[in-house]
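In structure tokens below, several structures.
Note that chain A is present in both complexes that follow, paired respectively with chain B and with chain C.
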Partner chain A sequence: MELRPRVLVTKIGLDGHDRGARVVAACLRDAGMEVVYTPPWQDIPAVVKLAIEEDIDVIGISSLATDHLIVPALIEALRAAGAGDVAVIVGGIVPDEEVPALIEAGVAQVFHPGAPLARIADFVRSAAARVRATRFPDAR
Partner chain B sequence: MTRLSQEVHTASPAPGADPAARQSAEDASRLREAAERWRAEYAASVGAQPDAVNRSGIAIEPLYVPADAPPSFLDRIGYPGQPPYTRGIYATMHRGRSWSQRQLVGLGTPADYNARLRRLIEGGTTAVSLIPCNSVFRGFDMNEVPAELLGTCGTVVDTVEHLETCLDGLDLARTSVALNDPLPFTLLAFLIVAAERRGLDPACLAGTSNQSDYLSHCVANHMFFRLSLPGSRRVLLDEIAFCMGRMPRWNTLSVVGQHMQQAGATPAQAMAFTLSSAIQYARDCIARGMRPDEFLPRFTFFFDVSISFFEEIAKFRAGRRLWTRIARDTLGARDARAWRFKFHAQTSGVDLTRAQPLNNIARVAVQAMAGIFGGLQSLHTDAWDEALSTPGPAGARIAVATQNILREEARLTDVIDPLGGSWYVEQLTDRMEAEIERTLAIVEDAGGMYRAVEAGLVQRMIGESARRFQEHIESGEQVCVGVNAWREPDEGQTHLAQPRPDPARMRSHLESFRRWKAGRPAAAVSRALDDLTRAAHDDTANTFEQVVAAARSGCTHGEICARLRRELGTGQPLAMI
Partner chain C sequence: MPHPDRLAAILAGERTALARAISMLENDARGAAALRAALRGRCGRAHVLGITGAPGAGKSTLIGALLGAFLGRGLKVAVAAVDPSSPVSGGALLGDRIRMGSHAGHENCFIRSLSARGQLGGLSASTGAVVDLLDAAGFDTVIVETVGAGQSEVDLARLADTRVVLCPPGLGDEVQALKAGILELADLLVVSKADHPLAGRTAAELRDMLALRRHGGAHPGAGTWQPRVLEVDAAAGTGLEALLEAIEEHRRAIGCGRRLQAREAEADTADTAALCARLAARDPFVTSLGGEFAGARPGAAEVALAIRAQHLNFNGTCHGGVIFALADTAFGLASNSRGRLAAGIDAHVTYHSAVHEGERLLARAREISRSRKLAVYRVDVERADGTLVAAFTGTVFITGAHPAGEGTSSRSAGGA
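Coming up: the complex of A and B.
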């Protein structure tokens, strides 16, 4: 069975710059993935609900203006809702010194400006495969 | 592949005429011979080469000759300060008065902002800007958003008192204040009330309502898009009407191409959409009974300036020429002040890279030069560390120094429109103008900018351009030094990030806001908000006048925005990829 990763591309917090989110979402869609895309400023509970309802493997958070500071709260909320296995990646402007805190909080990867789309797509595909493998250990 | 204006090189005058004609026939033949020799030599040495195409899709030739410049100097190029203003809107341009250095400022609490402002005032600044926190942009008070985000991208300003703290020590009658203040213009209302409290007539206030262009927010910078499209349309007209009567020095509207180019529009598209927006706003004002000669001189423009150097210069020269025609012929303005295309430019963050970040200093210098040669009135240069984090003080200093170097060391301001008359720049200006007009026609056919935005047409066109640009980067067709070319191993970080606002100070700002709110005369606040409701549903009332009244009664930013959202609808951008 071919794996079609299910990806949610969204923005939480207050910023509205969505060029990056749109470009990445379109790229993942064109790479054959199921992409759910939302407007910016999603509440954390709304993202958690959507991730569960849509059976999402990977959540991509785009952050251009410090919204990455509340990504740890998103991961906590996912865990509290029993969706802690969803992989969360962050793309955008994240200062180097703030990356370790994100990784420690459970972020799978941070993509900085200049990251090639192909690399992002590869990462998402393998992260989704890992998520599926944990969810359905007998599937293979 | 070289096109080289055939008409000049092949036209031969009638034979056997007078000596002057014979001379000119000889000249033409020498010219033709020189052009052919060059073409052959060029082709032999370069061979088949891919066409060079700029970001707006215009093919760029390897060489330009006199025939590429417009035939009529006076009608198409002319003198600065005279229509069609191709060379600049003032007779003196930068030789007479430099552009304003207007850097964006704003982080942390109002007290933090004021400390920064005082340093700028000591440095002799006469033009300040205020960037509020993203919570403010979204129309919320500080107690309504995640506390981690407060003050990280701008100053937290929710009340008249907060703005008073921000501007403490500033001579309001002598300083131009640019407020990043989307409608319903709460910061402008706070400024008016702050002036009144100092005993000043608001008529003395000078500055600009930046971010008043709701169409650009609906299309591209959604975080500023607070009210529904029809609600936005109404409140903007109310603000323009209010200020025209009472604040003659206030620039009511800044029409913004910057957001759209940042979101992916090509330079020609960004110029076209901006002009289309200005036409829409002007028509709306005219329908409201206002006269173009009165409101148009208070319109200003704001653009992105990318690293596509000649293209940007041509974009600005073409935009000036087009606006003259639009203001005069389409909108019927008779006063020359209405024909002048005043604009602020910001160097483009999209071109900046995280890899080898110090290279960004060179990029910003090139972008700034394009803006200066393009004839801007005011300039913000980005800090090199913008691609890494919120810019720190060292990066901000270099951004300002870049402007000083270009002006005072390199002396770019000695000659007005120094690239005017370049066969390439004149030809490119014409081509960009034609490309801009093509997009203007698409928008016009869709029923004007309001309709085109409502239908998602503009958003789709921008999305496609963003996609195409990204593909050019991925394929290497668009070179990004350090990203897809000339890569080097990471030399390690030398960057000191701007520290996040002090959480303790932000907490105390939040607590004092809560205390202040609880201590307000509640009856006056709810009366003022009810007046706002009534104004929103009464077409003869001015909603902005009620926003000012609400500020006077102690209403907060969040309360005013929430009330108008309830009455006029919330702005919802189209979500599409």
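Coming up: the complex of A and C.
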């Protein structure tokens, strides 16, 4: 049996625009993944605890109003908790000039508005497969 | 055995180790069987609280309120929340934990969302093993939330020590409350959303149902426990204290580890195969037909037959009665495989292609459903290349006895 990808779609910070996160969560579910979805306004410790307990491979952070700027802090917290292998992606409004800093901080990919859902699903699936392969090296 | 360090981390309740182990069990990945075996004998301490009810009944919200109370008493609490999987993509959107409130962040709380992965019955195939794991990891209470359940999702009955069925107000009339199924298995019936105008009426109907059942002597519950009806508004906390008291009272009355006793009563796979081999070997009809026992596990059995001249009809193809007999044999073994005598009361067959001399057929029986008294099986009769020859369904009546010649213990009856 395959190791099904486990993905968290969430929002951190104070921005409550969650339509995009819901669309992406539904798309990943329809692509055969197990998606944990939360409402917006999560804090970083809660996301880290959730990611560990749910054995999450990929975290998708949806950001419309500058919440992407606290994603580096999330990645730091994941590393500190021993979950630094989780792939973190960001989707939403991210100014082009701020993308390099996110990548530098460890973000695996940034998806801008208009990114095809199929491309997001493909990226998440392969990122999850890499995480699964290191966590379960002999699972077949 | 799992790696000793890994097992030690699990038993110590280490969060990452637990999460990985659950994924391993869910995916039946390499090492899962060894982990299950290692957990056996290390559990039975946790109180398993099952929460079920219709979609939208308020299961997650109630669990959020219970979490707050349990954590406030210093207990360590784990939640396994099962959500449905898509029949199309196999994917799932797991959203239960978002309604369990801020307690998810508490250090004594561990929540895991599970996809049902196509399994009917309200739980996923690995939920039992996940509960064992959380039990062995030292949680005082393990809460299991089922998929939004209908009237037949009764798997929880076998897994949980205390079974809470949520009944939202105004869903159906008193006839619904009389129907069989999930309501019969409740230890506690909770009318959720107790602030709703219809809540009192729903509670009254459920109490009438329980009273009728008591008078009819039909309550199948364990020992002296009488199911009761409570009204709870989990969002406001109304009625929560009474529910907590009732849960605690039931735990004291019934104890922990009901699922382990249920499992002991069922022979494990190796014992099952041995039992079915013995039953097949002393079946004169199967032997005279030439049927060969080909394997069994609890609820499933396979029987093979090489078609010879004596099996043919006047048209020169295999006689339908032979194919029926082969399917019926697999049906009989599968239905008796759990060590309880089961007698066929109904069977149907459809034939899909002609079979010729020299072909080898395999009948594969599997359990579709099983309750205390009745079980239904499907048997596919196939050629070696997997093409379907006949499809058979059969129903058995389950008695309290052991299969003939198996005495009081199927383990000690070997060599019959």
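Here are some notes:
Here is the rule we go by: the second predicted complex is superposed on the first by the 139 of 140 C-alpha atoms of A that agree within 3 Å, B and C clash if a C-alpha of one lies under 4 Å from a C-alpha of the other, contacts with A are read in each partner's own complex, and residues count from 1 in each chain.
Here is the rule we go by: a contact is a pair of C-beta atoms (placed from the backbone, for glycine too) under 8 Å apart; a residue touches a chain by one contact, two chains touch by 3 or more.
Note that this is a predicted model, so its numbers are computed, not measured.
Look at chain A after the overlay: chain B and chain C fit there side by side. When the two structures are aligned on the shared chain, A:D138 is found in touch with chain C, with no touch to chain B.
Contact with both chain B and chain C is seen for A:Y37 once the two complexes are overlaid on the shared chain.
In the superposition on chain A, A:E104 makes contact with neither chain B nor chain C. Of the two partner chains, chain B and chain C are each touched by A:R29. Applying the stated contact rule after C-alpha superposition, one finds that A:I93 touches chain B and leaves chain C untouched. With chain A used as the common frame, the shortest Cα distance separating chain B from chain C works out to 7 Å. Shared contact residues on chain A (touching chain B in one structure, chain C in the other): 25-26, 29, 35, 37-39. Touching chain A in their complex are the following residues of chain B: 134-135, 137-138, 145-146, 148-149, 152-153, 221-225, 262-264, 350, 352-355, 387-390, 463, 466-467, 470, 474, 480, 482-484, 493, 495, 497, 572-573, 575-577. On the chain C side of its complex with chain A, the touching residues are 15-16, 18-20, 22-24, 26-31, 85-86, 88-95, 97-98, 104-105, 110-113, 115. Taken in their complex, chain A has these residues touching chain C: 1-4, 6, 25-26, 28-39, 45-46, 49-50, 52-55, 82-83, 135-136, 138-140. For chain A in complex with chain B, the touching residues are 9, 13-19, 22-23, 25-27, 29, 35, 37-41, 65-67, 69-70, 73, 93, 95-97, 112-114, 116-118.
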